[in-house]
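Labels run A, B, C, D and E following the written order; every chain starts at residue 1.
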Amino acid sequence: MSDTTPVIPDQPEVCRTVDAEERGVWRRVMDRFADHCRARSLFVLHYCTGCGAIELPPTITSRFDMERVGVSPMVTPRQADILLITGYLSVKTLKRVILSYEQMQSPKYVLGFGSCTINGGMYWNSYATVKRLDQYIPADGFIAGCMPRPEAVQQVFLDLMKKIDAGQANAWQDYYLNYDRYLGNQMALFGEEWHTPVDVIAEAEHYGYVGDGTRGRFTEILDRHAAYALRDAPEDYPERGANERLLP
Amino acid sequence: MPFALPFDMTSLDLLMAIAAAATVLLYLFGTARLGGYLATLLHGAALAVTVAMGLDLAAGAGAIPSSLRLTVLGQQLAWTLDGLGWFFLLLTTGAAFFSSWYMAGEWGRVQQRARIQHGTLALNVLTMVLLLSAGDLLGLFIGWEFVSWAAFAMMIQAGGPATQAAYRYMLYALAGAMALFAAILVVHGAAGGFGFDQMRAALPDMSTGMLWTLFALFAGGFGVKMALVPTHLWQAPAYSYTPGASSAFLNAVSARMGLFALILSLVKLIGFDTLAGLRIPMTGIESTDILAWVAAITMVVPTYIALMQTDARMLLTWHGIGQGGYMLLGILVATPLGVAGGLLHVFNYATYQMALILAVFAVIHRTGTADLDELGGLITRMPLTYVALLMGIIGLAGLPPMNGFVSKWMIYKALIVTQQPLLSIAAFVGTLGTILSVYKLIHNIFLGQLRVEHREIREAPWSMTLPMLVLAGIGFVTGFAPGLALSIVDQAQAAMGVALLPHHLGGVVLATGSLNMLWVVGVLVGAIGVGALIFYVLGNRRFETHQYDNYAGGHFLSADIRYHFSHEFYPGLARVIGPWYRGWVVRMEHGLGVLAEVSGDLWHGVFRAAYTPLYVLIVAVLGLFWAGGAGGFGS
Amino acid sequence: MTLLADLILMPLVAFVVGLLLVLMARRVRAKIERRVGPPFLQPVYDIVKLYAKKTQVSHGVMHDLAIMMLLGGFITAEIFLPVPGLDGLAEHGDLITLVYIMMVPMLGLALGVGSCANPNGSIGISRALTAMLAYDVPYVVVIVGACISYGTTNLIDIVQIQQQGGPATWGAATMPILAFAGLLATHGMLGKEPFEIYIAPAEIATGPMTEMSGKYMGALFVMQCFQLYTVGVLYTTMFLGGGENWLFFLPKVFAVIFISVAVTNVYGRYKTDDVIRWMWKWPTGIALVGLALVMVR
Amino acid sequence: MKQAQVPAVLESVLHEIPGIQITPKEGSRVRVDVAPGALPAILELLKGQLGFMHLSAISCIDWPQTDEFELVYTVWSHEQKMTVSAHVTIPRDPGEYVSVYDIHTPAGFFERDIHEMFGVRFDGSPNLRKFILTSWNGPPPMLKSFDTLAYVEETFQWVDYRPEWLRDIEAKGGGIDSEGEGAPS
Amino acid sequence: MRPQNYRPVAHPPSHEYELYFGPNHPGIEGNYAIRVRLKGDVIQEAIADGGYLHRGFEKIMESRLWIQNVALVPRICVPDPVPMEDSYARSVEALGGLEVPERAQWIRVLMLEVSRICAHLFTFGGNAATIGLYTNMFWGVSMRDLFLDIFEEITGARIYHMYITPGGVRRDLPPGILDKLSAVIDELERRAPEFDDLFFDSTVVMNRAAGCGTMTQEQALSWGVTGPNLRACGLPFDLRRDDPYLVYPELDFDIPTETAGDALARMRVRKAEVQQSIRILRQVIARLPSVKGPIRCPLPNPLAWNVPAGEAYARAESSKGELGFFVVSNGGDKPWRVHVRGPSQMHAVQVLENLLTGARIEDIAQIMFSLDACPPEVDR
């Protein structure tokens, strides 16, 4: 039942903003050095999105000790490098996951943990869980199985490290370059009122990650609407329940 | 004499004339369109004269006499200004200059009664000149009364809570005046006159009991104005609710008049040696020890009361009381280092406290509130005010590179060198409390989430930001090169009869550890530059985001959510010292209020019964003075 | 020329030693938790990784300035902290100056965190300042006692007095009670459990670090190096006789920090007010006893 | 076990209530069928007289055949060591019932849950705000009329999962039977 | 989203502010959120916000075969899955009139108690981590791993065993597993004093946990509290004794209680329960070899198994409290309705909200972890 073979799917290769060949030697050496360090220091966001989180304490604690290879948990998305989607994503969680992902600083990596992130897994016919993670945020790797063993988690980390070291873990750029597509998928699920406080387009412009797919049909919708203060939000405002006013 | 004066006027006469003219002119034209700039001009002139006097004094002029003379009871009253008085005079005219500058522009235009604000400010300067240049005890008393009433006039102008506090202040001031009056009577009985020299001559013959009485009466009488600890309760509300620049003026110099008078009476007249001889029998506790402990308690207790305040002005004025303790403590150490530290702190305090109060009033001017719980995030809207406040709080907290650090360092050092560990610990602990509360001040006003209703406000006008920035700048410059301020302090120290502290531009050299602020500040600024270099060179360039893009446990923030921590900023600490604060301070406040009322009545009764003739006489003198004050000039 | 060398070398040495101290702290923790722990270069990897982040989010100019003040303050502190062979500017600023210079980066950090507009950070700073008030009261007593005992506040002189007299004149030998109180206060200063109230991930989601990312977080990691180094060296200088050379000096510094990081792993974290109560009761009481002994002597 | 007698204590307390039907069930459980109007009184009675303090659960069952909701109140008595499940049936339309929050505090959660999942309204329940399905705009999902698979097919997309080894098997005529019927037994 | 798109709204004139504990917060157990309104650091109001782990179990179980659901049920509560399997199995057995062979019952008790120890060790670790005592967490979790190895050897999986099926268990115990289990138990007993030193004897823990999140017995009863949390208030209510199932009547064990009703008492009850579980396991290990027989009663073709119509309520004492499965069958091959009553549905919502009101920021995580609330159980 628990098939724990780690799977790193073939990502569509996203090219860097500047071709490595065009850079100076110094920049290339620095990039190489930075990648080397990035691969050896991975902070995992402490966000138990699903039941897979139960295997994270064993992975991190004394028996498997991920700090040996430089992986340690971090609390807020600002500090984290890796967003580990530990299992199924309910729609409500997915909103938070997207916010957390956007608040993380690039380069950032997403790992889908368990079969549910690949294709819904055991909850294939559940109305509440999202079936494919990589529709909504770009993922760097998946682990199949339910639930994957700590060894499998370690293996996927090691594979990811190899990828980072080789400068190939660039799925995060895809989010900037094809933001419109991801936003469209998100809006299809959450409704057109969907937005996060993070200004992804401005960030892409600031750092030069604007591609053909950055802006489009859906980002235009985003530009149009304002964030509602709940008092005058329309009745069908998506987060009405969650953000309901606490203050009297 | 840098420039010739007509009619044989001395520069002190000129100063008095300017101050008197300013009082009249500003009362008349304070509301006029350019009245504010007239005030700035007049106070600027007064400041210039003061600086000129300083050059004279530095050139060895001794004391600057005034032509103003009065003869009362066969005693000739004269006014002369020596180095000590000049030091405080410089602060007074300086504070008045910056205050009037601040009031000159937009502030004056929006005030209901700018005329009164300008007039009372000038009146205060005038009375302070009289006090600071008093040549004998009677003159001192008269000046003291004038200053009290002038400050009262300044406080009641706003009405509301300030008036309440002002009445309370008058109550204390009357009690203090009574004590002072009694002291003068004691001296008069022993020396047969009011002159300073007569008193000095009579000192060796006085009995210990009489000296103790004098010490207690002077310390009590002047201590009220300084708000030393049991008499501290009036000051914070009285100074806080006075509007704008007047509050800054009161904070910066008004309470320092008490310090001046204390130094004059205890150090200059009685002298450290005599005081050191006064011991409580069997214990070896000297009279100055008692005062030093009062000063130490004044340092610590009001500081922690300040920590509990939610009004920015109250917070600062409570700190003002605490800072007074540092000055007195430094002076009471009685070594050149300590006295210089105490006096330097007077100067430094005036610069940063004014900057702070002015900045807070700039915030009030724009937002309409000083409630620390209702502000936040103003840094994006009022960056210059933020800079002034930031530099001010660094000074108030006594951290490098601002000047507050230098004077505090000298006080700590003097205490450690003279092996007074408990007093130095008290000084350190007071500073720690200050750091906590100033962070609360700047955080709650300028940091955190910007409230939506403050989204549109603008920076304060230049007429308001410039004075506070200049003051903060003075604070930085005298922090970088404390030698500048120490040379000013030298004047006062020489007049006090205390040995001068050898110093150089950057600080002092001592065998037990020196301080060279040129190096400290230089390296600090350089290192921050290195930090900036590291920040900008290493790593990709920054992307500035907005306040709703923030960690909230994965939740989405919106504008209607109050996501700002400001009320009860130190809950853990409040839980530890809160019961003590509520139980002890509040009860003491109540008890002291009652005590002051009762004792005020009591003193009144005693004096009216026992010394009715003398009391009437003094009142007559005051009346005479009022009548003939103007005529006195040039005679 | 020597001065220039000092100015450059002292912060660099502090940083490198600080990296080793951080590594030691993490390894010790790993050993107590019965695991392997991070590789040798892990502190370096972490810092480089954070500085090499490709997006760096800032919450305004004060946020950036805070980072500069943080680094600048600690660099200055290192220059005023004499170590074997490198006196730096210790002649021009004494122990009191150093103690207050060390507050500059804290103030900078506090301002920067405040401008991040996150209540978690503000609560963290509120707690950090409360903790500072708690541990600095005994620390001040210790410093005053030590200064009176040595008769000077000049750090170079303090080291020389202890160096010339040998171990019998070390602060730890002449005023053991003060030295013990100083160790307790030092532990509080390092912000380790049970006094780790201002990081407290489970309570305020790591407080001041909440909104720090990329090089901002990297600067905090650098700060941690400097902080461990400064606190360790200061204690060594005051009570353990400094060192004639680095061979004797560094083990002492590591020992001071080791005590702290070893103790911390077997404690939970106190509540805020209990930290104040504990600090004002035990270390302060002990320090006052030590101070009384110093004064009597 | 199935033929156990109705406990005497229960019988003695409940016999006065008209239209009640008591059936012993597995273990210590007794099923009590009551009219909708009598339920709060029965719960009160059980709580007061027999110590049925503990409300284990309120379960809702949707019966589209009869167009009814069945509500099952399962209570436990620490004194009698016994479970009673009280069954009431309410019409689907309008789907309203009274809250028993003032008798059993835990009812607050269950009623909120049932309101969310089935759309049943409980008068007097303290808090019927959404709890789990705050991001949900569709019909109450636990209704039998809501087809979760159809919703999924309409809302989500699937990964096309055809790895090499599966293609090999398919080439030989095997593979995954996506219909789920007729799987090898 | 552009910052300028934020629509301005005036803040209410209040000194209160909001904090979000979770879902992305280390002070929260699992994916769950508490929104708190605070003044200073004192909580004025707490609102539990769940649903982040909602998978619609009750819905999708209706669309799967009775036997297929065996794979789903353990996933309802992640840290303590075995009672879920067992309760589901017993409810189906009650409906279908199946008699579980005695050996299977003993094996089930073994699984249940090992799972209880695992869950409690996990809670210890979490509770210690909330107050910064990470060493305890690291040790506790790695200790739990030894038990997970036992699970793995018995069932083939570490977390989700899918081992207990209606009618018995999936397969017999592998040879030698009982010796291994008793070795692990001995190891746990050997290590126990270390946990005592770190946690229960620590002044810091005493200081923080004593008086934290206190509830009286009356409050606990009226709020529907069960399990260790209720026993910490002094009421010895344990379904293994009060509404016995499986072979628990044949076993000799105590029901530990405490009277204080605070976080410390709750943790002490759990510690005592671990000792009782060890006691039970020792008895099971001694007894099991002598219990022979089948491990499963004969079942009809599971793919075409129409369970007789009716309803059944099976409850068990899980590590968190009363766990109930209310299962309704209409005589079809799939359940008509499954209602899961998890203990945390009380603990994590109403009880938590009540206990948090008036508490302080530093207590939030401690209270949540000491209640051992399990969010997936609430969300299902």
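In this section, a residue touches a chain if its C-beta (ideal position, glycine included) is under 8 Å from a C-beta of that chain, and two chains touch if they have at least 3 such contacts.
Everything quoted here is computed from the prediction, not taken from an experiment.
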Between D-E and A-D, the pair with more C-beta contacts: D-E
Chain with minimal offset from the mean of all protein Cα atoms: C
Inter-chain centre distance, chain C versus chain D - centres from mean C-alpha coordinates, in Å: 60
Interchain centroid distance [CA atoms averaged], chain B/chain C, Å: 36
Gap in Å, rounded to a whole number, between the CA centres of chain E and chain B: 65
Intercentroid distance (Cα basis), chain D paired with chain B, Å: 75
Touching two or more other chains - residues of chain A: 46-47, 61-63, 75-78, 92, 95-96, 100, 103, 125-128, 196-199, 202-203, 207, 227-229, 231, 239, 242, 246-247
Of all residues in chain C, the ones touching two or more other chains: 33-35, 52-57, 119-120, 123, 201, 205, 210-211, 214, 271-272
In chain E, residues with contacts to at least two other chains: 3, 6-9, 12, 14, 16-19, 23-26, 35, 41, 49, 51, 54, 56, 59-60, 63, 138-139, 142, 360, 379
Those chain pairs that satisfy the touch definition: A-B, A-C, A-D, A-E, B-C, B-E, C-E, D-E
Chain B residues touching chain E - in the complex, by the definition given at the top: 373-374, 451-453, 455, 545-546, 548-549, 552-555, 558-568, 571-572, 574
Chain D residues within the chain A interface of the complex: 129-130, 133-138, 141, 146, 148-149, 151-152, 155-159, 161
Partner chain E, residues of chain D touching it in the complex: 2, 25-29, 31, 53-57, 59-62, 72, 74, 76, 78, 81, 83, 85, 104-106, 108-110, 113, 117, 131-135, 141-142, 146, 148-149, 183, 185
Residue ranges of chain E in contact with chain C within the complex: 17, 19, 25-27, 41, 128-135, 138-139, 142, 197-198, 202, 204-205, 207-208, 360-362, 364-365
Residue ranges of chain A touching chain B (in the complex, touch as defined): 47, 76-78, 95-97, 99-100, 103, 196-199, 202-203, 206-207, 227-231, 239, 242-243, 245-247
